[in-house]
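Chain IDs A, B, C and D follow the sequence of writing; residue 1 opens each chain.
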């Protein structure tokens, strides 16, 4: 019985959301309201619980240094007042500082020197002549693509042709990304249909076992 | 001439709702009545499965599990097939939940697998789950260095030292394989100082465009990858643990036919209008 | 203990170069010395056009940085800062012309004070702090599944002349861009996240491709101190291209330049 | 005034620079004390982020309240929102206090998955339909660039579809080649350029020249 109700709720929710395709209506609004409310409570409780487990309890057990992040975190709430709103900047300054540090350290190796080393290696690494030529093609393509993001030069003359060829590489890549998303969203679309056809119509209404 | 142009124009401006309806029906039909479109297993999927089969007894595996509920249809076939393959072997499995939905989803996943009933595994001895912690970069780095500073307790609130599986596991030095959703810098930090080998699992969109540049089945850092429900189906076929991935294959194939038909129609309309329809 | 970790020397040298070149150009800007001329990023011109159009139509401008668009920790921080700079610029210009700006807040709760602060600053810069309305900041909780219908409803209720969608955007924002199109808005967007670029290529009237968004934020500020940074960035790019060409030539002669890069 | 500038502008800037320094030190200098400081600050960041989510809840309720005032006819939907919030909270509270595994009791999981999973899957699934209609409208060979975009995309979709892979086996190596060469070239270029942009902002931040974060308030 619980499974049937579960499947019924899921179908009702799927249909309510899909009715949004036709136009916005009371069903789609209700579905959205339900999910916001449930997820609000869930996220809030998860974070409260995690804050207690990973900050408050260790603090009570003698980890005094945690008073600093707890105070800074609470300072964020000063944003709700007019007079003290500026105090919230202390909390996110620490976050931004760590973000700044991460940017200056981890990404230089992975996204700059690491990529340069990889590109230099490409024309030489293939086992066959075709692989080597493809690697050279990749190397040239990467340089030409990079010219698109040079801001001190206008794309004219021979340089302009280089930029245009670089753009073709960018377009091929954008096409691939589009393809990936088509495939991914398709899985979810099938997943939603599964709730309707397999879990509800077949299993609940017709009583056919679904494998 | 004018009438011809209007035909091309009409072909290129079909009401969206007709497109939605036709594609939706093509997607749904195989669920109702399976068509049985053929499947082949890709090279990368074979390699991924091969690495799992080759794991020695006692190997320590850490699984980065996002458990993002929305994405489950695209990734669940991979999770389930992988875990079933791992549970068949005598390896130690630790699961790290990386998304806020994860704490709920992880329990559902393990209820589907039933490690105790189906594989004779015991929680705390053969596998364990870490609780969800929001992990900015710095926290993750702290975790790789000393697991217990970030996770004093497991998912059920048991201190890590009380779990037999955690004996002798202090940092990433003690982990052999890491199942993760990417092989970029954030994940390579497991490989470079700690020598953990990466196997990548994830959604098609989040994994497939990025992982191939890091993939090398012999030297890594990514030793194998499987992304998206299509490849999930291939993994099911390869491992023999059939599930939703194989079932989705039919629907996906037919829906793509629909998409292609509409793209073709759009182009016929465009060229028809340009070359035959006059201006 | 070595002072510098042995496999990070080249990386460290890059950092030193980056800091010194930015510092050099900032000093030039302070002394008011001439800086290299930068090409205009096309999408920035479209912003003013779009604001003007909104004024004519009597419709508001909508700004969104994406449902998950304000990461602060990790390297996503820079994108957040850039999009906040753009937001501030948009609010300043709309406030000056008396056009309303509706901001759709990102899901990250901890970033809300920062976004709110940027909007307030925009109004302050326009000399109209009293025009700031907290009700124009809309928050939809944690889910894109709630974010997209929320933005859609806002388009229906308030109307939309210009929709700017820029930041750490993920591809789930595609329905929002489609909705803006349906409601007749000009849409401008972009993200440095390469995976999501295609949604803007398919659905936007004007787009920032990749890094253009980060550069645009400095360029539109009109602040010489910020634009001077872009000049130093050009040096890094030319250096990269140069290193690639030198590296491949040396490698052809058997010298492992790629290995040196990782020293 | 001067002291106000210090508290409102200079101190946040000092915090930014001060908290970035442990990361830089950690990266380039190997020392246990630096590692310990870095790990500690990392934990702080996690705690602040988690506490910060509470402010989002307040914003959400403020927004809902404003909507109720603005649109009185919508009150039933909004009232339903509050009722469900309360019910979810009760269920979770009940789990926390009585369930064996804190808040993730079976009842709570059932409740969460029944509504949340279906709604979000259905919503993102719609994206496939949107992409179909956008493909029909936009994927046209209007120019060489748009032809390349279309061809690359469709070829890769073919490569990933088992049926096409069987009918046209050539699409597998071609699709893989586009993925591994032209796509990799453009992606690498985009990553390098975007990283330069990100690093530039971080450097400006460290030099105190990035105003966006520090002059707020």
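Simple rule for what comes next: a residue touches a chain if its C-beta (ideal position, glycine included) is under 8 Å from a C-beta of that chain, and two chains touch if they have at least 3 such contacts.
For clarity, every value in this text was computed on a predicted model and none was experimentally measured.
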Farthest-lying chain, centroid of Cα atoms versus that of chain B: C
Two chains sharing the most contacts, counting C-beta pairs only: A-D
Chain nearest the overall Cα centroid: A
Rounded Å distance, chain A centre to chain D centre (Cα mean): 4
Whole-Å gap between the CA centroids of chain B and chain D: 18
Numbers and ranges of chain C residues touching at least 2 other chains: 8, 72-75, 77-78, 81, 110-114, 117, 140-143, 145, 149, 171, 174, 194-195, 197, 201-202, 210-211, 215, 230, 233, 237, 240
Contacts with 2+ other chains: residues of chain B: 20, 24, 27, 70-73, 100, 103-104, 133-134, 136-138, 150, 204-205, 208-210, 213, 228, 230, 252, 255-256, 259
For chain D, residues that touch 2 or more chains besides their own: 23, 26-28, 41-43, 45-46, 48-55, 57, 60, 102, 112-113, 116-117, 119-121, 123-124, 126-129, 131, 135, 149-150, 154, 157, 160, 179-180, 183-184, 187-188, 190-196, 198-199, 201-203, 205-206, 213, 216-217
Residues of chain B defined as touching chain C within the complex: 70, 100, 136-138, 205-206, 209-210
Touching residues (chain side chain C, partner chain A) in the complex: 8, 10-11, 14-15, 36-39, 41, 71-78, 81, 110-114, 116-117, 140-143, 145-146, 149-150, 152-153, 156, 171, 174, 194-199, 201-202, 209-212, 215, 230-231, 233-234, 237-238, 240-241, 243-245, 247-248, 251-252, 257-259, 261-262
Chain D contact footprint on chain C (complex, rising order): 1-5, 8, 12, 18-19, 22-23, 26, 72-73, 75, 77-79, 81-82, 84-85, 88, 105, 107-114, 117-118, 120-121, 134-135, 137-145, 148-149, 171-172, 174-175, 178, 192, 194, 197, 201-203, 210-211, 213-215, 223, 225-226, 229-230, 232-233, 236-237, 240
Complex interface listing, chain A residues touching chain B: 21-22, 42-43, 46-47, 50, 53-54, 58, 95, 98, 101-102, 106-107, 109-111, 114, 118, 176-177, 180-184, 186-194, 196-198, 211
In the complex, chain B residues that touch chain A: 17, 20, 24, 27-28, 31-32, 70-74, 100, 103-104, 131-134, 136-138, 150, 152-153, 184-186, 188-189, 203-205, 208-209, 213, 228-230, 242, 244, 247-248, 251-252, 255-256, 259
